[in-house]
Structures are given as structure tokens and as C-alpha cells.
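I have placed the structure first, in the form of C-alpha cells, so that the comments after it can refer back to it.
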Amino acid sequence: MIRSLLIANRGEIAVRIIRTCRDMGIRSVAVYSTVDNNSMHVQMADEAVCIGGPQSAESYLNSKNIITAACLKRCDAIHPGVGFLAENAHFAESVEKAGLIFVGPKPETIALLGDKIQAKRLAKEAQIPVTDGNEMPIEGVQEALRVAQAIGYPVILKAAAGGGGRGMRIVEHPRQMAELFPVAVREATAFFANGSILMERYLTKAKHIEVQLVADGSGSVLCFGERDCSVQQRHQKLIEESPAAKVDRTLIEHMVQCSRDLFSRIGYRGAGTVEYLVSNGSYYFMEVNSRLQVEHPVSEAVSSSDLVRLQLLVASGIPLSTNQSEILLTGHALECRINAISTGKITRFIPPLGPYVRVDTHLYDGIEVGPYYDHLLAKIIVHAPTRNQSIATMKRALQELVVEGLSTNQKEQLAIIDSPQFKNGAFDTGIYRQTIEAQSCKNT
Amino acid sequence: MIRSLLIANRGEIAVRIIRTCRDMGIRSVAVYSTVDNNSMHVQMADEAVCIGGPQSAESYLNSKNIITAACLKRCDAIHPGVGFLAENAHFAESVEKAGLIFVGPKPETIALLGDKIQAKRLAKEAQIPVTDGNEMPIEGVQEALRVAQAIGYPVILKAAAGGGGRGMRIVEHPRQMAELFPVAVREATAFFANGSILMERYLTKAKHIEVQLVADGSGSVLCFGERDCSVQQRHQKLIEESPAAKVDRTLIEHMVQCSRDLFSRIGYRGAGTVEYLVSNGSYYFMEVNSRLQVEHPVSEAVSSSDLVRLQLLVASGIPLSTNQSEILLTGHALECRINAISTGKITRFIPPLGPYVRVDTHLYDGIEVGPYYDHLLAKIIVHAPTRNQSIATMKRALQELVVEGLSTNQKEQLAIIDSPQFKNGAFDTGIYRQTIEAQSCKNT
Amino acid sequence: MYNLDLQTILHAFEHYPASELELSCASFTIKIKRNSGENLPHVQTAEITKAETVEHRKTQDTSIITSPIVGTFYLTPAPDAPPHVQVGDAVDSGSVICTIEAMKMMNQLEAEYPCEIVRVLAGQGSMVEFGQPLFEVKRR
Amino acid sequence: MYNLDLQTILHAFEHYPASELELSCASFTIKIKRNSGENLPHVQTAEITKAETVEHRKTQDTSIITSPIVGTFYLTPAPDAPPHVQVGDAVDSGSVICTIEAMKMMNQLEAEYPCEIVRVLAGQGSMVEFGQPLFEVKRR
């Protein structure tokens, strides 16, 4: 069993992982950049090591300093958190080469699933429906036009090596291709050092549904329900819920079965998510996130479980002792991400409390929120018996939350939660545009 | 349905009730004494009315000002919270006479159960085991000695009209009776304006177990599990858990059945608790608390429900729509009460957050904790899959909690939670003495 | 109910046309009846309440009389009756200056000291809470 | 890796007995080999690192040299070798002042400017983190 864990991350996710370490009696070692020396994760961990300057490349992406810190602090494992090095196969490999446990999938699994074209091929082999698209990287605008013609417009261009909405371009008409294809290639090259571009049919009225799994790499694959993450702003998730509203349960069951089969087939180990688009009563494989996700607490809430704990057990080589039938999904859970939309020093922070509410955050009075990292300040998670009650409780929580010293998206989140579109449940990924952007237009 | 609720209480319980009001879209009206004008419940409620000076008798026990405020603020109901007027039949009656809904049992039920001798008679009629004791108030020391002789020492003297540990005296030997009996009568007279004394056999190695019920007064009585409240300091509960550890489940099932039968028999309406002592594999009826209890979140956690919501629905005359079989009790929940052991101004308050943790409190930076009321500052509730995980999470939460500006029992609570006696689960109401007082002796 | 003694109560009762008086506070309860058939309309029971004076919102040399209870404020003893006091009135200690209705009981509020009414701070028929300013007065 | 240019690296490599050098940073990677059979024991690869100077814990006219990486601090290039520098030594810009081991690689830290070693602040064989003070020096 892992006894000492280095957490190669910062912010709320580092704090969240440290909490599980404390629950499990595991010694936690934080790493931090010079601007994070007062961060909550540094204060909460049993020990902390400064690993570099403010720029991520110097610190949180500095695998050498991170692995050296883990070795010298006598850790036996590294948890990459979410973001930074979490989906970096090379890092996972280096961790293992240093004789440490990487809390995540095997490096080759990460590499395999990190290439979207390969992943899609894999999904097809596992009989999972995929959207029409190319199976080889597209070479130039001419080929792009030919493929798009075959698929039908609108199409979406994605970096084959990428994720997180970067490098994505939607092409609605052939005349846009000559302009947008090179942009996608440039962004893919810049962000992922790989200019390979994947093209797919773009589904306009689709829900983003994902299935949360944990597998032990030796036969057991458990599902912790699905999440609807359709509330997105520029492909960045804002609100997640489980179970999904207004989606046929039989469809969900099929998606769950497909996802479990896929994980079994590739001998997946660790926590992971299979993402789908659901449109017109059909579902289409999108990608696998071979890591923990920001929105994992939604699934923890409905399944009354601790996914980080399971990650640590599986990484320690302990097979999953639970059966799928023992995972009871109860009630309805919602998560709102509270993002900073400016930098500043937090002058007052009051988290919402009380029944049905969980808060994951690294904020405290006096902490500086700088420009260097992710803008996620806090996650508010509610879990109530019904979707209506969840919505009411989330509204209450968002109204209670106080963050002073910088601007956040708190009011915007409240507007979405309180909108008829969201309450109705039958929304798609266009809901942000329909509620917030439409509202802003009206106001100006 | 209740649309506007006056909350005749203060502190964390008032805040907690306001949260459910917000969830249900009910307008909340707070009342406050002159020293509470900055209190969180005043800030959170939709409206607030000052009802008197700092002394409880002038404000939170001033039924006339409270009822007048409810009428003038056009409320249709009053929730008494816990403590103050919550178990006052006369108040409940006045509320109803003023044409308002009293969120609690019928006044006559409160009166009936408030008299411990009558309540015990009732329990006996319902075939619930009771401890040996008198059935009529004891008249003088001579009768007390005679009754005690028949019951067997040690015996406990209790105010027949009382509760909350006041006026209780344990008599271990006949020679103490002449001294202690008059003290009990005096205290009972002073606190409850009723000198009637009840005598019972005192069980030395007993667990305090109680059953949480909600009934709609028209046939449906639901049970939300039991709570073990054996961790007590001078008869004041400190830590509560559900399910109870190291108690035979068949015994618990019998207690649950007895409790439900008793509530059915008397046509109970609202939330209530039947308290028992469990000793040597048997259980004995203690009393009924005809109100919400401080420790209700423990049962909310294991049953994923909101008991205040149910109180408001039942008080609105809406029959309970859930069946007992639909109430799934999952995992294990613990509550620690954080009490002030001095007064002062809160200079820094950081609640524990993250997975499995709920906090109910009225604290915020800058609030003054004065000498006038209850010393309860916050309740930390955790809910995890197993008792061991709950204990670990509670330990983490207690370590995270920061309350600066006054002294609290935080460290004491941590010591109990972390003690072998508590972890083992086989403790009785002597655990506080065994862990904390024994420790203090060692230290001095 | 601040520092009321028996003499003050009896004195007040004597100078007021009520036939019965019942007064309860934390420390005592008192009932007084007058041996006469006269009765006040609109008042089921009367309670004589001494106003607490809080140095609050006061300007220059004025004082504030606040409400000792929660209720509805009336300047008049009954719907068609003239007001107890008007701005400019000089009132004696013990004079009734307003009526506060609570739970269908009419509570008459007395001046605690001789004063002149400078301003009325609560609206006729409005809700007043404990400690709410009712009158601005100038001590005489 | 702060403000390293090719000349600096080649210059350093020339004055150091390593046979191979491989250096990677965010902006570039460089590999250099020397055409000779000589080899350093205990050192698989050597990395030349320029120390970042942080004005930290400095007293009067001294400066602090901090660690640019996470690793194990050694004053000696190898277990039995004499130390790179000692208190009182005057060192030139570019002189190696200590070795920091990280992931089995020996990283030699160079002085960024001519200075005199006033104090050694890290213990032989101890772990050092990024930015940790290693030497107190007096600029020459």
C-alpha cells in the first residue's frame, strides 16, 4: 500500500487529494512554485517542496524536479491530479522508471488514448458508435475538403494529440476550410507539438455525456454513473450533473456497457472517463480521459464514494473489492465551477455550507490569485434526492458563496442554474450561448 | 403549503432552517435579541424582527413578541428550532390560537410526552421495556428510600417535567438520599416550575441510543435510523453517530418497531425521537423528544434526506409520500459538536470542507460569541461508507477546522474521536470520563 | 418592564380610566381591579408599559423613546379617538403616549420622564419591533 | 537555466573534464561530446547549471546563491574527491561551486559572477529544493 504520496499539482485538486491522504493515513508531500508558497495545498500537506518558478514549464510541468522531490522525500507514489502532467505518458513512464508508482493508467494506455485517431479506431473495434470522420491524419486543405464533403458539413477539426478544447475549429461551409484548417494545424502544433488533425461530423444539438469508470487492470471495471457536462463555454465545462436529465436510460445503459467493455478490452487501470456526444437518440464516442477529472465529485456524490481513494488503492495493486451491484447511485448531484475572471487578492471568502453541500477549494482570506495557472477557484457540489431539489440547493449555495477581491463567474452560474432551459433539462451544448450570451446581448 | 415561516430561534439551527426555506422557496423571517443584531441568521433570513433584550426570557422565550412578529410579518407558521420554546406545549398552543401553524407535534402531544412519568406509563402500555421506577411522583425522602430499596441502587432522580440533564442526581447509596433528593426537588422546581421527581434504576454500563422518526399524524410513521449518543459530558451530548456501533441489529430493529408503534398509538405528528438506554443486551425506554434534535443531521446523512423539509411538509398537512422501504440508510455518519468554552469575538473561522463533510454553523469572521445563549458554535457532520472511514474523515475535519478568538472543545473532540475506546465502538456513556477526564488527571 | 415598583403601578392605574389591570413580567405578576362598572371599548386587557429610553438617533439635546415590545403602533387609543399626544405636547412622567397592539391586546406606553414630543418616528398602524424608535422627545 | 547562450555552454564544457554533456530546457536541448576516452566516475551525464542569485538572507554586502533545481547537494564532485570550494575561496565567474544530484544525474552549479565563499548554507548530501540558499558569497 502507498504510504507516502507526492501530489504533482496545485489548487483545489491538490487540496482534495491531500484530504483523502489524511483520511487514509498516507503522508502527503506537496510541490509548489515560488508564487504558490502560501497556497493552501502547501499548508495542508505534511511536507512541501519548492520545484521552480511561476511559469508552469519551470515548476508544475518540470517532471525532473517533481520526480527528484518524490525520490528525495521518500515517497512511493506520485498523483498527477488533473491537468499539468496528468495525461502525459512520458511523465508516467519517467515516474515508473524512477521506481515510483504513477497514480494513473499505464503509460502505454495514456499514450494510446491520447492519440484521438487511435482512440477512435479502438472504439470502432469495440463496436462503439463513432461520428463519421477520418481515420488517418489529414494532409492539407485539399484532403480536408474531400473528407468534409464525404462527412457532410458542419465538421469539427480537432488536434489528434490534444484535449481541453484547444485547437478545435468548427467548419460550417467549404469556403471556410482554407482559412480554418491551417489555424487548427498551427494551434495543434503549438499546444501539443503535434500538428495531426482529426475531422468529425459536428453535431449541433448534442449533449455531452461521459461515463465515470475505475478499473483495477486485472479484470474489474466499475462504473460510477454518467455525467452530463453539456453546460460549456468555449468547450470548457462549467456545470456537471449526474444522472443526466432527459436522456433515455436505456441509451445510458448501453453507453455504460460500451465503456466498461472498452476498458476491459484494453486492460485499463485506474480512474478514467469515456466521453460521448448524445444527439437525436444516438450516442457517439468522443474520447477517453485517462485520468481523474475536475468534475469527479459529482460521481462521488451519487455513489457515496471517494474516487481518489480508489485510485490510490488500485495504484497500490489492491484489486477492487466492490462489485458493480454494490455501487448504489442515489439522488441527483450537481457541480458548479467557480472561475476567476480577473486576478486579485481574496479579501473575503465564505463558502456555502449546510445540508447537501460540498465545497472543494483552495481559497482562503488573503490568498493571491495570480495569472499563471488555471482560473478554477472552487467547486460547489450539491447532492439531493431529486434534480429539482439539487437545483434549488445549488441556487441557495451560489447565493451564499462570498468571494471578494476579484471577479468570478458566480452570477453567470446562478443565471444558468436558474434558467428555464437548465431547469427543463432538455438542453444541449448550446445552452451557455442561449442563456448567458443571449442575455448579454439583451442587456447591451 | 407554508409560504412564509418565522424561525423562533437563533444560532446554527436558525441558519440551518433558513437554508431549507431557501431550498423550498419559503420566505423566512428571523427573530433576534438586541445582542444578535449581527447574527448570521438575521443576515440570511428574508426579513428579521428584533424581539427583545439579551436575556432569553426577554427575547427567544418571549412568546408574545414572537407570535406578534409572526402575525405582523404575515407568516403562516412558526418553527421553534431546538431548545428555547421547542418543547413548550403552552407556546405551541398560543401559536395555534393565533391562527398560525406550529411546526411540531400537537400541543397536547408535547404536554403528554413532556411529563416523564406519563410518558413512561405510555411506553409501558405500548409494551416497551422501561427501567424499574416509580409511577407516581415521589413524596419526600422516606418514600424515595422505600422506592430505591425496591428498585436497587444506584438509582437516578430526574425532574418529571424536565430534560437536558438538569435536576438529575445519581444516588449510589441510601445514606446519600437525604441530601440529594431535596436538591433534585429544588432544581426541578427552579428549572421547570414543577418539583415532581421520577426515580429509576441507574444503568451504569449503558449506551444512549435513540430512534429518529417523522410522522404525519395520519397513519404514516417513518424511521430514519438510530443514533448512538453515548458520548456525553454531564448528560450533554458531544458526539453522535449512526448506525450505532457494537449493538446487536436485532435489538435495534426491535427498538425501531417499538418506537414506530408508540408514535402510531398516540397519533404523533412531526419529527421526534425516542430515547433508550441499551445495557447488557436489553433496551429500556427513556423519553420522547417531541421536536427536532441538534443531532438530526446524522440521520439526514445516512438517509440522504432533509428532516426540516419533512417537518415543513407535514406541518403543512401534506401526508408523507415516502414508504419506509424507500428510505435507504447508507454508510456511516458522525457528528461532533464544537462548543465554546469561553466567550469572545471570532477573529478567524475556517470550516473544514471537501468530500464527506458537512458543516452547520452560524460563525463568521468578526461575530461576537457572548454569554447569553447556548455554547454550540458548529456541528461537523461526516458521512462515509464505513465507520472507520467516518472516523478518519472526522479526524481530518477536526484538524482542518480553525476557530480563533475564543476557546473551544475542538481538541477534546479530537482526543475522543482518536481514542481506542471510541474507535472500538463498544463504549458506554462513561466514555467521556474514561478518555478526557482520565487524561486530564494524568496531565496534572 | 424596567424598574417598576408597586407604587408606580398603582399610581399609574389611579390616573388612568381602566377598570382592570393585569401585568406580568419575569419577576412578578400583578392584577388590579377598580370597584366601578366603567369599561374601555376596544381594550380587552390593558398593560401599562414603561418605555425604555435608548440614547439612539438623538439629535442635540433630544432623546428617543423606543418600543419595549413587538406590535402595531397607534397614536390613538381607539380608531375614532384623538391621539394620545401630538408634536409639541408637553407630557408628564407616567402619561400614556401611544398604544401598541400585540395579540389583540392594547398596550399603553407611558412616558418615563417629563418631556416634550419633538417628532413621531413610527407610522400610525405600522409594525414596530423591540427597540424601534417611536418618539423623539426633549426632556423637560 | 537562465540566460544560457551557446558560447557560455561551450566555454563551461571546455573547462570541465566531462566527456559528454546533455542539456535540456524549455527553449532548447543541446548535446556535446568530447573526442576522448576519459570518463568521470559516478557521473553518467553532466549538466551545467548557472545559479540564480536571489537577494535572500543576505547580510550586509553579501549575496546568496540558491539552488536552481531540486536535488541532493554535494560540495564534492565525487565521494572521495576534495570539495569544489571551501569557505574563504575566491571563485571566478563560471567556476563550479557544487554538485546537485537529481535523477542519478550530477549537475554542476557554476558561479555567475566572481565572488568569495563566505558560508556554505546547505549540508553535504542534504536535499535542496528550488530557490533554497546554498552559499553566502561576497561579490568581488
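Every chain is named by a letter (A, B, C and D) in the order it is written, and numbering of its residues begins at 1.
The definition used in the following text is that contacts are C-beta pairs under 8 Å (C-beta built on N, C-alpha and C of every residue); 3 or more make two chains touch, one makes a residue touch a chain.
Keep in mind that what you see is a predicted model, and the values were worked out from it rather than measured.
*Asks:* Sort the other chains by how far their Cα centres are from that of chain D and give me the top one.
*Replies:* If we average the C-alpha coordinates per chain, C ends up farthest from chain D.
*Asks:* What is the distance, in whole Å, between the centres of chain B and chain C, each centre taken as the mean of its C-alpha atoms?
*Replies:* Each chain's C-alpha centroid was found; their separation is 40 Å.
*Asks:* Which integer distance in Å separates the CA centroid of chain A from that of chain B?
*Replies:* Using C-alpha averages as centres, the distance is 42 Å.
*Asks:* In whole angstrom, how far does the Cα centroid of chain C sit from the Cα centroid of chain D?
*Replies:* 88
*Asks:* Measure off the straight-line distance from the CA centroid of chain A to the CA centroid of chain C, and report it in whole Å.
*Replies:* 67
*Asks:* Considering only which chains touch which, how would you classify the arrangement: line, ring, star, complete or other?
*Replies:* line
*Asks:* Just spell out which pairs of chains touch, all of them.
*Replies:* Chains touch in the following pairs: A-B, A-D, B-C.
*Asks:* Under the stated contact criterion, what part of chain A meets chain D in this complex?
*Replies:* Residues 34, 49-53, 55, 57-59, 64-69, 71-73, 98.
*Asks:* Mind pulling up the chain C residues that touch chain B in the complex?
*Replies:* On the chain C side, the touching residues are 26, 69-72, 102-103, 127, 129-132.
*Asks:* Quick one: which bits of chain B touch chain A in the complex? Just the residue numbers, please.
*Replies:* It is residues 15-16, 19-20, 22-25, 44, 297, 300, 304-306, 328, 330-331, 348, 350-351, 353-361, 364-365, 383-385, 389, 392-393, 395-396, 399-400 of chain B that touch chain A.
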